[in-house]
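Take this structure, written in structure tokens, and hold onto it; I'll ask about it next.
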Amino acid sequence: MISLNRFAGSVSALLKGLGVTLNYIVHPKRVVTREYPENRETLTFPERFRGQVVMPHDENNDHNCTACTLCEKACPNGSISILTTKNIASKRVLGQFVYRLSSCTLCNLCIEACPFDAIRMGHGFEMAGYTREELDLILNKKEGR
Amino acid sequence: MIPEPPKSPIPVLPNTMMNPVDWVVGWARANSLWPLVFGTSCCAIEMMATASSDNDWARFGLEVARASPRQADLIILAGTIVEKMGSRLITLYEQMPGPKYVIAMGACTISGGPFYYDSYSVIKGADRLIPVDVYVPGCPPRPEALLYGVMKLQELIRKGAWRNSLTHKPIYREPISDLMTKCAADWEEKEKKKQEEMKEAQERFKVENPDYKGYVIKRVVGPKFEEVAPTPRPERGLPQVELFNILLEKFPALGVYSVPEVTREKIAELGNQYVLDVVVSREDYLPLIRFLQSDERLRMNYLIELTAVDWKDHFDVIVHLLSIDKGHKIFVRCSLPHDEHPEIESLSDLYAGANWHERETYDFFGIQFKGHPDLRRMFLEDDFPGHPLRKDFVDPSRVVVRPY
Amino acid sequence: MIKADSKLLSTLPPGFALHDTGEDGSQEYFLNMGPQHPSTHGVLKLVVKLDGEKVVEVVPHLGFIHRAIEKMGENESFVQYIHLTDRMDYLSSHINNLCVCMAIEKAMGIGVPERGEYIRVMVSELQRIQSHLLWWGSFGMDLGAVSTFLYGFKEREKITALFEELCGARLTMNFFRPGGSNSDVPETFLPRVKEIIQDLKFALDEFDALLTKNPIIIERTRGVGILPKERAISYGCSGPVARASGVDLDVRKHSPYSVYDRFEFDVPLGKNGDCYDRYWVRMEEMRQSIRILEQASAHFPPDPYRSKEKPNYKVPAGSYFASVETARGLFCTYMVSENAMKPYRIKSRSPNFSNLSAINEMSAGGKIADLVTILSTLDIIVPDIDR
Amino acid sequence: MTPLSITHPLGDWIRQQLPSPFAAIANGLIAVIAIAMLVVVTAIFLVWLERKVCARFQARLGPTRVGPFGLLQPVADAIKLLMKENIRPRTVDQLAYFLAPLLPITGSFLVLIVIPFDHNLQVLDPDAGIVYVTAVSGMGILGVLIGGWGSNNKYSLLGSMRAGAQLFSYELSMVLCMLLIVMASGTASLRNIVLSQQGTILDWWIFKLPVAGLVAFLLFIVSSTAELNRGPLDLSEAEQELTGGFHTEYTGISFSMFFLAEFVNMFAAAGLGATLFLGGFLAPQIGWHPVDQLLAFIPGFIWFAAKAYFLIFLYMWTRWTFPRLRIDHLLSLEWKFLLPASLANLLLAATLVLFKWVIP
């Protein structure tokens, strides 16, 4: 009798399992897939999403970076090189903001370190490339003021 | 709105004419990429998330993940490749039938990523071992980013890179170097030339604009926070003083770390949060631990960890013990001389878990444990030179020293 | 045909050798599982001595993802080290971060405001659920039910999306800082948590129907891979693995950190220490985490989320120790400072390391399929073992 | 035995046109080509169907990007597999390694020959059709066994040994289920078995024998799942344990043989199940004339396909729901439960048949 009970219990448990999967197939609304390349136009990420480091530029292509190298020091893995130059007034300004996306871990420490809001986390994620060198970016469009 | 992706040129082989057969084969290969089940660390989870219902890489025909390299077309290198795994990765790659493709997913496999500096075991980029077709940056990349990488690879295959039965890419052979210093040095050279050219203009500018102040960029002030006092959290179990008293009964020569000339009052002053950190001589080490484990009042039956610290002139072997029933902790510390093979008794008879902790300590510090049943290296290959967590460990062929 | 190569034999422990012929004239042989094997959850290598399908002895080989995190920690600042712990147990990255933060807080006497503590507890519990969901999925898959893997991930994805909203990353968070967290929770946080709890309750019932009560699962897990209580303690097992064996060890309950002492929750304990108990303990833990989440979101305080930031994290000389309960067990950070910006030595005790060390005792005598079940219920994360 | 013919009218016409030896050859050729086409199309379609259905069970979409609804996905896979480098490891048993992939697909090919797709759509109808089916379907097992042995890989060996133990034992209860139908219908020819089920739905063997028919049907589903080597009884593949089991060492085209055979086998088994229990190509009749006429208007092969695909859906449903059994559980399930159950069931059916307690 016990074994018969057990058998009935097993069968009902198996049927319940089958019911769960059947529920998925008869309810197409339960499909949760986001179709990435097709939905690209409507794709949004949360505001804080960390895709890559970007340097916002204003309408004159100027940026806020003062080449203070705080971000360079905050970076745990040497992904940022701040290369300075002297401008026409002999002031030390940013020459190139070299950002190695190839080794960046998107940890947000450089953004937190920046006192001038010169760099932010951008939402771009389509950065795949065919060579390693493609991923070494220079973020500033022109030298510092 | 997602910003537009940058355009990267497709490395098409020169002088290739597409005939219809080639086109069909290219189409088939591009649309039927069966990945190898290969994930080493964090990126593997994101790769599985790409396979999950929400992103569903089956839409691209990728869901036929093969566990056997013989049937796979694509390795998605998800996660760090370390030296020990390197040879296995090459074997896996060689076992795959051509044409085969490799996607390097995440910073670790592209360049070593977070483990570029100071790591003695991580390979600085998987493309130093096998040719990589597509690099997907991120740490880890979002599933969408991986899918974009797959699409890039499909484009590559369709446009003719499939012609070569293996791969068109060479293995990356540049020696490892400190990228930051190199970058700065290159720039400095350029800068010198530029400054010389600009010297006149700068002097002229100084004369013309004597009261130029420069451009001031405002500091962004973040929110201010109050200082908060830490809330004390009492430890469970016997108070430290009592614990110390019990130990002193049996081991009168016991010292306490960083408390010179220890007295009971001094221990009491340290408060509830302090965890007793006793210093024991080598002779008393094993008896003390045995006493801690067997004494009814103490019953320290749980070994949290066993590790060592290299103080340049001596080693400290540190044992963290816990009593599961009572809840009190204790740290036991024992100094060893700083020579090639310092020796100490093994705890593996008392705690089964000590076996592995001691093997790890042997691997990292070269400390020998007398009476250990199986003292082999734990993490590193048997022929790895030296013991890496010793402060005097140097290995320029593996380690890039952090420049700052 | 079946011979172990000499290189393999040289890396095995002493006394580990084949018996040429058993009593019935049978022969033992070696099977290399891993480093690339679908059920070793990463790059673990197990050298298994087999007699037919019966497992005689298992020798784990580690180090295929040993990344030198402890060595690197000696050259990174304390705050930078937090982000490396993300990559150890990447399914408990918030909790790992918390452990390092707690050690720094202890060392420098930094307190955390109410809201910060509540954020920590809630995020930790979400992380625990997230990790267990993934474990549930991969447990099903290891036993051959592929759909469960997708169902587990489907639920997990909701929590991951919430984490993305919270800190911008899905896996490697780097969110907690000494004294709180690097930013406040977004306004949508609490409603989202409520939604997730609702979905989760429904999903857990579905999970029960699919696996928990499934006779195949019960057959395959009951009495398989038994780890007695004394051995679990002796091996230093922790987390669900130890609790399934009846070891009453949960840092959240017994030396509560953060504000865990304010919430009501039970610590599920198993009786037999077999695979089914480990399974059951994890399922029950998810329910307990939901309880904590409900209580925490009911009393979410409005205070500032972090305390005053220190100008630098120069930790006074000494050695500091902090322990937390990750999804896999007891995670400890032990750091030695010499009054500098960088730790002199930093060591993380990973729960998986000790849990895995018991595998030979658990799996000897079973079948290969049992070995897979045991590995799966141990819920190991290999990068956490190797560090 | 009826003469070799793809359909009776076509066969007869060819026989009229050509002298007898040539007619037989021509008929044979046409039959082989037709079945080969069927094998390829079925396999490719089933691969697509499996991936789509499995995706829907798992709340996702499945292949969508290659062709409409991803229909061309398996085509791309097939072309790729054909164009793939074919590695033959040096240490394998060359003959066994080469021969193994051919056997399963041949086996299912031979089974398909005797399946009646429609009234006049059957290549061959041997009198002992059931015996023939049992005999040739063993070839698949043989392929798995020698493939695993020949690969010289421990995973493959374990997989093939499991396959041997599993398939040979499950063959027993499957044969007993078939035997029940043979006993009830009084014939071993598949065509005649179908014809013995004429009438309403209740005349199908699954219902006609009260209880015994249904039990036999369920036992057939379970044991054929094991025979087909599909989850939850796919122990010889057991990807999570044995990284692919017997076909671990196979690449490219030889792997695709195993891969396609799995699906063709599934179709063959489902077709067999439909023939034995669900009235094969007969339209379901409910006993109400207008509807019956409408149903009978639909050609038989469509009914056959519908029934077969219903069974295939059952196979997929169980595969994507249940976890895998362990090898010893699997064998004790067969020897301690399924085999006694099918024997008892056979006894029950015999009693029913003897006393004519069938549904009229």
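Note that the chains are named A, B, C and D in the order they appear, and that numbering of residues resets to 1 at the start of each chain.
Operating definition for what follows: a residue touches a chain if its C-beta (ideal position, glycine included) is under 8 Å from a C-beta of that chain, and two chains touch if they have at least 3 such contacts.
Quick caveat: nothing in here was measured; it's all calculated off a predicted structure.
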{"item": "Chain whose Cα centroid lies nearest the overall Cα centroid", "value": "C"}
{"item": "Farthest chain relative to chain B (centres taken as mean CA coordinates)", "value": "D"}
{"item": "Chain centre separation (chain A, chain D; CA means) in Å", "value": "49"}
{"item": "Geometric centre distance via CA averages, chain D-chain C, whole Å", "value": "44"}
{"item": "Mean-CA-position distance for chain C and chain A (Å)", "value": "25"}
{"item": "Chain A and chain B: spacing of chain centres that average the CA atoms, whole Å", "value": "20"}
{"item": "For chain B, residues that touch 2 or more chains besides their own", "value": "52-54, 56, 59, 67, 114-115, 117, 139, 142, 402"}
{"item": "Multi-chain contact sites of chain D, meaning residues that touch two or more partners", "value": "57-61, 64, 239, 243, 320-322"}
{"item": "Per-residue overlap in chain A, given as positions that touch at least 2 other chains", "value": "14, 17, 20-21, 31-33, 35, 45, 76, 105-107"}
{"item": "Chain-level touch network, classified as line, ring, star, complete or other", "value": "complete"}
{"item": "In the complex, chain C residues that touch chain A", "value": "76, 79-80, 83-84, 86, 147, 154, 157, 161, 164-169, 172, 174, 182-183, 186, 206, 209-211, 213-215"}
{"item": "For the chain D and chain A complex, residues of the former touching the latter", "value": "53, 56-61, 64, 317-318, 320-322"}
{"item": "Touching residues (chain side chain C, partner chain B) in the complex", "value": "10-11, 13-14, 35-38, 42-43, 62-68, 70-72, 74-76, 83-84, 86-87, 90-91, 105-106, 109-113, 134, 149-151, 153-154, 156-157, 160, 170-172, 179-180, 231, 233-237, 247-249, 254-257, 304, 306-309, 317-319, 321, 323, 330, 332, 334, 336, 344-345, 347, 349, 353-354, 357-358, 382-383, 386"}
{"item": "Residues of chain B touching chain A in the complex", "value": "1-3, 5-6, 8-11, 53-56, 59, 107, 110-117, 125, 127, 133-139, 141-145, 147-149, 151-152, 156, 172, 178-180, 183-184, 187, 191, 194-195, 198, 201-202, 205-206, 209, 212, 214-215, 217-220, 402-404"}
{"item": "List of chain D residues in touch with chain C within their complex", "value": "54, 57-60, 152, 154-155, 157-158, 162, 231-232, 234, 238-243, 320-329"}
